[in-house]
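Two complexes come next, and they have one chain in common, subunit A, joined by subunit B in the first and subunit C in the second.
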Partner chain A sequence: MIQILIYGAVISAIYAMLAVGFTLIFGVARILNLAHGSFYALGAYAVYALTAEAKLPLWLAAILAVLLVALFGILIERVLVRPLRRRSMLAVLLITLAVALMVEQVLLLIFGSEARNVPSFVSTAYHFLGVDVSGQRLLALAAGILVLGGLWVFMQHTKLGAAILAISQDAEAAQYVGIPADRMYSIVMGLSAGIAAAAGVLVAPFQTVIPGMGLLPLVKAFAIVVVGGLGSIPGSILGALLLGYTETFIAFKISIEWSQIVSVAAVLIALILRPTGFFGKRVAF
Partner chain B sequence: MTEAIRHIDWIVALAALGVLAAGPSLFGTSYVIGVLTVALCFGMWAASWDFMSGLTGRENFGHSLFIGAGAYTAGFLNVKFGLSPYWSLIAGPLVAVLFGIAMGFPTLRLKGPYFALAMLSAAAVMQSLTIIFSEYTGGQDGLNGLDPMLDSTLAYYYLTLFFLALTAVILKLLANSSWGTLLRAVRGDEASCEAAGINVTFYKIVSLMISAAFAGLGGVLYAHYQLQVGPDLFAVVLSINIIIMVYVGGMGSIYGPIGGAILLNVLTEAFRGFSEYRLWVYTLVLMFIVYFMPQGLIAPLWRKIRAIVP
Partner chain C sequence: MKFKLPWLAAAAAGAFAAIAFPAAAEETKPIKIGVNTAIQLQVGRDAIDAVKMAVDEINANGGVLGRKFETLVADEGEAASEGPKVGIAAVNKLTGEDHVDVLIGGYDSGVTLGELPHIARAKKIFLGIGSASPTIQQKVKDDYDHYKYIFRVNPINSAKQANGLIDFIVGKLKGELEYSKISIIGENAKWVQDIVPALKKGATEAGMEVPIAEFFDVQTADFSPIFTKVKDSGSQYLLIIISHAASDVFVKQWYDAKVPVPIGGIDVKAQDANFFKRVDGKAISEVSTNFVLRAPLTEKTVGWWDNFVKLYGRAPVYTAGGSYDAVYIYADAIKRAGSAETDAVIKALETTDYVGVRGRVQFDALHEVKDGAGFVNELFVQWQQDGNRVVIWPREVANGKMINPPWITQN
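Right, the complex of A and B next:
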């Protein structure tokens, strides 16, 4: 039982980091970003390349990886998404899908299909209330909480955060009071890419790092965001907790296969019963 | 927006049909016949996607739900119950329509991306269920040993071509009727349609049922070509591939998506020479078309040509 509690918390923290970025870019810029999983995969591969190939110390590699992926996100928004955003949502979906396919192919070409190993940040295992938990998982949990807390402070207590919130509430009105919408979209894309990359960096030591690793997190982020309400940050954190714990519980008590179906079934039920999710705004659509 | 069908359209459509009919005898290997049969199935899927989503603008990200429903119906009836494959031609579309009703009622009254997301997750749920209930569905291996509908693959190719032509004509005529105009109006402004007293939800659900029926039919034909059905028929990747084909062909035109499906299927085969770079080329083509040709490739091209022809 304690095991479920701790493992569930770790998974929830990772899911929340993925879902928050995904919901942020949708809530602010109305971009359903299918390349979100690629940011996660790129984060893991970047930290691998910087430690194993460039021989950098792990902490420096981790920071650089997050920054590089955030820059990549800004680049994608600036070059590929921005010209298409006014055209149609489907065009944006397809171009981000193309980016996702491209990233997977590039990773496959450079690193091959075999799984890569990333060293743990903390190698000690902790004995915790009668269960063994690796230090890396606890670090992922702590870092996840820290990032989410940091994001909350940023959104609520800085001018930039306020500007982003303003855009998400009413883009047109925000532009009238002088907030540059396009630049905000770039910032949010970079932020969301960076948070996804941080999740990738944190799980890299205990997950298999393969080129296609971004797909499943994308589906999970999707599910969480729908359950929590598209565009709502508290909703996606609640959704992440719900999904993380349900999955862990079912994986421990029933089977791994059934745990995989939970996320998609949750989406379906949520959409039918309460399509705007826990905290989604009905007026937003 | 709706272009009236002119003589030139019928002539070119017949010519295209002639080329497709002559295809196997031009490159008569059984490999080519196989590639073309699959391409025709994709043509049916793309056209049926376009009828609902292209016209009303409600993008369906789980079209594979209907394809898998049709294909698995064929698999169950033939392998488990030993029924003649021809029964599936009726039962497959019917089951797909039932899925369409089940999905349409709760989700099509919603606006925004919810319909797309619900369809996507429904297809994913079905894919997982086929794996979980593997004692009935054969799990990852699927159901094997379906009976071929016809003895020769060439004859089966012509049967598939017949059904594709039938699908194309029915859907195109429907799209050009007042019904199609209504669906386009829904894409334009749903609120005004409702204000004008049109039961928008009813029209969306019925067009989803029509779309599902033809997708299911394509699924049955595909199953009896492969003689096997597997969980991949419910895969999200399949739905997304179909959307790419529709986009390349030109959304909302019915004939464009069929052309897009055949073109991309043949191209992917032609790219086999690039081996590991194949997906690269495919992705680059997709990026190029999305970025520079917002209306797609085939339908706008044809509109330009027929504007010149008197």
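Right, the complex of A and C next:
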């Protein structure tokens, strides 16, 4: 039981990081960012490249990786998304899909399809309450909580955070009071990409790093965000807990084979019971 | 009238040349070997390089029946994500567009099974050097006329590997280490589904308890539930059957959590020469089967191994030994048949008796490479300190003692 509690928490923290970033950019800029999984993959590959090729120390590589991917996110928003936003959100959706496909192919070309190895930050194993957990996983959990906590503090207690909330409520009104909407969108995209990259950096030591690694997390983030309510951060966290714990529970109690199917079924049931998600409002495109 | 005679002579000479020269050209036209393999993986790269090595050696000695070999390669893709369609396209390209004379390759059994009808329809000999499912060669028995082109040179099929594993379980785990409870897990791939039930049966018949015998998805990224279950069951050893799944991640997660259960079995990625380094040494004490190692399996093995390392700067994996032998076996069959014509070569292949780098190669009625004493065998190799590989089973070829994971102090 304790194992499920701990492992479930680790998985949920990672899912929460992915989902929150996804819902943030949607809630604020109304962008359904299909390249979100790419930020996750790029985070993992960046930390691999910086440690294995540039031979940087791990902690430095991790920080750089997150910053680089955040910059990449801002670039995407500035160069590809902004010009299209006036036209249609469908065009934006498609351009993010194009970015996702491009990133996967570029990673395949540069790094090949074999799984890459990222060294662990923490090598010790911990035993408490009868459970063996690797230090790396606990680090992922702690970092995830820190990042989400930091995000909450940022949103609630800084001017920039208030500005972002304002934009998400009413972009036009926010502009009337002098908040530069376009610049806010870029910042939020950078934030979203950075959090996704952080998730990638944290799980890279104990997950498979392959070019296609961003697809499944994107699908799960999307499912979580829909269940939690599009645009709602607490909803995303709740949805992440639901998915993470269902998967872990099934994997431990029944069989790993069933964990993926049952978790998707859980999402389906949640949507049937509450089509707008736990905390969402009906959104029209 | 007078003008016609020179033209007639020229025409006659031309006709004669047209008939005679292609026949002569036929005699010196290169024999094309098509290699269909997963070029992104080490098993694929080594297959290609070993074929090239053998082809270069044979060509340097004048080729076969005065004809040289030529190598063409096509990518089978990653079976785990793409399925058989890329492999089928590769085979069709090699047979239909490049008109190869023989196919040497294969890795994923599902892909090979998908390719078989296309290979049979193209009437090309296929020397399998990577896939292990017995279902592939079963077709030779079920429909000889249609599938007589299919041979397996390497590895010994998964059912025979299962027998080798049962021998390891009963002889080593039970006999020498006196374990009484083991668990078995394998990836959810075709060849593993063939093996795991056989292993469980063999172990229980020998009086051992097998509390867990499960499959996991090839795409699984998180093995902690498995490790926890196996540990909680009180198992003393975890037998693993992995080829396509994430061996690197599996081993790293096992080491990081210091799971108090030693692991070993079939782990194809753990055969890679750089596996130990790739996982930062976390594969220590893992046992994995191998079909070729730098050991005198035959008088040719060590020399070939050293040549491969000199040529390519890395140690070969199991497909390399198989591909190298396959080229020589094919050349030997052409020589004995006196021609490269497919049906004649098939007859000659069936009576092969060739000592390669892995052992002595003969084929049985299903065109399967024979296993057992004196033939091609399965070795159990353990990763030990500093990445040294030690053969710990079978007893006759073992060159070291088996060790425990460093965090387990006694048996």
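Everything that follows uses one rule, which is that the second predicted complex is superposed on the first by the 273 of 285 C-alpha atoms of A that agree within 3 Å, B and C clash if a C-alpha of one lies under 4 Å from a C-alpha of the other, contacts with A are read in each partner's own complex, and residues count from 1 in each chain.
As a convention for this text, a contact is a pair of C-beta atoms (placed from the backbone, for glycine too) under 8 Å apart; a residue touches a chain by one contact, two chains touch by 3 or more.
Since the structure is predicted, the reported quantities are computational estimates derived from the model, not experimental observations.
Visitor: Once both complexes are superposed via subunit A, do subunit B and subunit C end up clashing or fitting?
Guide: Overlaying the two complexes on subunit A (C-alpha atoms) leaves subunit C and subunit B fitting together cleanly.
Visitor: After superposition on the shared chain, which partner residues are touched by A:260: those of subunit B (first), subunit C (second), both, or neither?
Guide: The answer is both, since A:260 touches subunit B and subunit C.
Visitor: With both complexes overlaid on chain A, does A:80 touch subunit B (first), subunit C (second), both or neither?
Guide: first
Visitor: Thinking of the overlay built on chain A, is A:3 touched by subunit B (first), by subunit C (second), by both, or by neither?
Guide: second
Visitor: Once the shared chain is lined up, is A:97 touching subunit B (first), subunit C (second), both, or neither of them?
Guide: In the superposition, A:97 contacts subunit B only.
Visitor: To make sure I follow: the centres are taken over C-alpha atoms, the vertex is subunit A, the ends are subunit B and subunit C. What is that angle to the nearest 10 degrees?
Guide: Between the subunit B and subunit C centres, as viewed from subunit A, the angle is 70 degrees.
Visitor: Let me test your reading of the model: by the given contact rule, A:109 touches which partner, first (subunit B), second (subunit C), both or neither?
Guide: first
Visitor: Answer with first, second, both or neither: which of subunit B and subunit C does A:206 touch in the superposed model?
Guide: second
Visitor: Of all C-alpha distances between subunit B and subunit C after superposition, which is the least, in Å?
Guide: It is 9 Å, taken between the nearest C-alpha atoms.
Visitor: In the superposed arrangement, what residues of subunit A touch both subunit B and subunit C?
Guide: In the superposed arrangement, which is not itself an observed complex, subunit A uses residues 257, 260 for both subunit B and subunit C.
Visitor: Show which residues of subunit C lie in contact with subunit A when the two form their complex.
Guide: 40-42, 78, 81, 188, 214-217, 219-222, 224-229, 231, 246, 248-249, 252-253, 256-260, 278-280
Visitor: Which residues of subunit B touch subunit A once you look at their complex with the stated criterion?
Guide: Checking each residue of subunit B against subunit A gives 59, 106-107, 110-114, 117-118, 120-122, 124-125, 128-129, 131-132, 240, 243-244, 247, 276, 279-280, 282-283, 286-287, 290-291, 294.
Visitor: State the interface residues of subunit A toward subunit B in the complex, per the touch definition above.
Guide: So the residues of subunit A in touch with subunit B come to 32, 80, 83-84, 87-91, 93-95, 97-98, 101-102, 105, 108-109, 219, 222-223, 226, 230, 257-258, 260-261, 264-265, 267-268, 271-272, 275, 284-285.
Visitor: Would you pull the subunit A residues touching subunit C in the complex into a rising list?
Guide: Counting only subunit A, the residues touching subunit C are 3, 7, 11, 112-115, 117, 119-120, 123, 125, 131-137, 205-208, 212, 216, 248, 251-252, 255-257, 259-260.
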